[in-house]
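One chain, chain A, links the two complexes that follow: it is found with chain B in the first and with chain C in the second.
And then the complex of A and B:
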């Protein structure tokens, strides 16, 4: 008959050929391949300091008759390390979920058992089908002063381990990031970007449990973010964008009063509105003499060139704008 | 942020404490702005409580000041009003019931805190507690103001410090400290709950009232 045998990495394994005597003549195979006699001690198979590659099917045959006397599946693995457990309420006040994983693989099957205690009450954490290693709990009571204690035990044939989390209802509130973040340029406004977003769909009751938001934005070419905190509303107009520069924008959410900030939303890109250049090709020669190389980045002076007593006719204006744009393009090259 | 909270608290304090002659202020306050002020007050108090609780729990010493300290609720602790409530019940509370629950809770918590104030050891703690009690008094009055402006009667209750009926003073030092621990915990939870209570109430008051008041004050 067939067995399964679990052994630790680095262990010395002795396999007996079923009920055969020690001095019986036998042949061992590993995954169908004969094993050299040097690994045998009588009819026992000795594997020293086993490693993962030695997992497999081991069979023992009587010497002459080639009868199969014993078969076992060797699985080499490790006992579980302390699991990593995380609990979070992204749907306050409905409830919370806990998810877990092992920091390193054990290479053998593990089973998880989670227990949730609230004061003296045992609560059932319902396992989710997807993703695995996750379960959720519905709050029966709100505004509780008693902490929740969650214990996760992981067991496999080589050992067990556990970890515990203790927390207040309010401490684990963390919404999902805002959704559908959209950033658009504003026509005729070269320094504005209009950003809008929606509450995360997992947040069940934004009327009674309003969210506040944190917006961050920067031009792609700079490292430093600018931040705006917004206590209500799901839109904001950036008014200090550098003209003509592509921006990266993200939004995060938090319950107005409790818990922590969500992760950042998916990043969106947008460039503020710029006027269409009209005589771009003919101005290339003019700008070669007027381009200024600056090592630090400055907001391109789109109107400065043209301010000094220029007669404003539509043709002259077009020239000024395009000159400004091309200078801007050149100064970017020098960064 | 914080400075706004402090500002509105000062306004509420000046306008609501009966001792001060600022009657014009309280007459003008519509329900909308009162609710917003009360909300801001709870946030301010919650912030204050964090510092106060930290200092007080350190004064009590271990295990009370350990972050994982999670003692079972003893029966004697039940006399402190609990913010815990069934979710559907909380949702279904009428405005009157919601406000009354807050009013009653903070009135009693205030009384217990004042008793604490009389017993506590260090001068720093006594100073902090006194300051907190004054702010909490402002909150109770602010809630009362909202109830009055909405036409609800104020809940009748113990006017002065309660002699807790039937509950004896703590038989030993450790149990006394447990009482203090739970008092602070309930206070903290109530302040978190009140923020949510007043969020719900905010929705009920027409926004026009709020903007009108803000413009009149030149904000």
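And then the complex of A and C:
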């Protein structure tokens, strides 16, 4: 019958051929390939200092009859290192979730057990279907000064390890970033950008638990961010933008009273309104415009959500790469 | 109740709630600063767990979202009245322990005590607006024949002080949330939820 055998990386492994005597004539195979006799000590298979590549199906056959006498699946792995555990409330005051992972793989199956204690009371952390290494808890009490203690134990056939987190209700409150961030130029205002966003959808009750926001923005050509903290509302007008420069803008959120700031939202790009250039009529004007911008072929400056790396700068205006290709094509025509 | 339903009463309630929220916010910031100073001056470990002490109102509450407006006001009022007495006692103990050696901490304690008193008064205003009777303070202090509690050791006093300030900081956050709930107009009648009840 078949077995599974777990061994640590670097261990020396001795496999017996079932109930066969030591001096019986046998042949061992690994994943169907014969193993050289030099690895045998009588009928025992000796594997020294095993590594991950030696995991597989090992079989032992009686010498003459080729009867299968023993079979085992060798799994080489490591005992678990201390797991990494994180708990957070992004849906205050409903509850919080904890998620975990191992810092290095063990290469063999692991099982996780999580316990949550509030004072003397045991709480059940319900495992999420997706993602797997996550569970959530509903708050039974609010405004408690008693800390929560979460212990995660990871076990596999080669060992176990654990980690503990202790925290209070307020400390782990961290909303998700604001959603649907939109930045638009303001017509006839070359230094303004209108930014708006929405509360993260995971935040259950923004009326009773309002969020405050942090906006940061900078022109692409500079490294220094400007910051604005907003205690209410989900929009803001930037009034000191550099004319004609494309900006990158992000927003973060925090509960008005407790916890920490969210991660930054997805970045949005926008360029303030500029006056339309005059119609091109002469050769001189065309040549002059080519080196600065080919604005007649560009999309109007609106919000473009694009990777920083994909942005192509072209003089005063920078656009996303698809428009940039069009620009490049027409630029070539004019050279 | 006609008084609670009138537009002017609703406006007054919203105004009192907004001011109360600001008061509680400022109070919380000052309590947090006081807590840091207290821990340092008293040589305590900031992460020490302090068991719930008798007489210190616990901010922790179950089913907070299901509370009525009146419940919120009454529980808040009871808490801040208790804190008023506890802080006064801490101030007295502080003076006994250190005399003039730590006037800064004493002043900070006194400032918080003032804010706690002001907030308690503010809550009474809100209750008056709802034409609710304000519970007398005497009732709360009457014990049913229990002997006075034994005098605490210096260390026990310090630990209790830590517990008092921690719970007060939690209460300040809870009060902000409670007042926001109170300030919400009720969808059907235009009054705050839970307040349009017969006494």
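Everything below uses one rule, namely that the second predicted complex is superposed on the first by the 278 of 335 C-alpha atoms of A that agree within 3 Å, B and C clash if a C-alpha of one lies under 4 Å from a C-alpha of the other, contacts with A are read in each partner's own complex, and residues count from 1 in each chain.
Methods note: a contact is a pair of C-beta atoms (placed from the backbone, for glycine too) under 8 Å apart; a residue touches a chain by one contact, two chains touch by 3 or more.
Predicted model only: the values in this text are computed from it and were never measured.
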### Query
With both structures placed on chain A, which of the two partners, chain B or chain C, ends up touching more residues of chain A?
B
### Query
Taking the superposition as given, does A:257 touch the first partner, chain B, the second, chain C, both, or neither?
both
### Task
Report for A:145: first if it touches chain B alone, second if chain C alone, otherwise both or neither.
both
### Message
With both complexes overlaid on chain A, does A:170 touch chain B (first), chain C (second), both or neither?
### Response
both
### Task
Quick one: classify A:120 as touching chain B (first), chain C (second), both or neither.
first
### Task
Based on the superposed arrangement, let me know which partner A:209 touches: chain B (first), chain C (second), both, or neither?
both
#### Entry: chain B versus chain C as contact partner of A:93, first or second or both or neither
both
### Message
Quick one: is A:38 in contact with chain B, with chain C, with both, or with neither? Answer first, second, both or neither.
### Response
neither
### Summary
Contacts of chain A common to chain B and chain C in the A-superposed view 93, 140-147, 170, 207-210, 257-258
### Task
Can you check the complex and tell me which residues of chain A touch chain B?
93, 119-120, 139-147, 149, 166, 170, 207-210, 256-258
#### Entry: List of chain C residues in touch with chain A within their complex
25, 28, 49-50, 58-62, 64-65, 166-167, 170-171, 173-174, 176-177, 180-181, 184
### Query
Okay, in this complex, where on chain B does chain A touch?
43, 46, 68, 70, 72-73, 82-87, 90-91, 182, 185-186, 188-190, 192-193, 195-196, 199-200, 203
## Note on the structure
Interface with chain C, chain A side, in the complex: residues 93, 140-147, 170, 207-210, 257-258
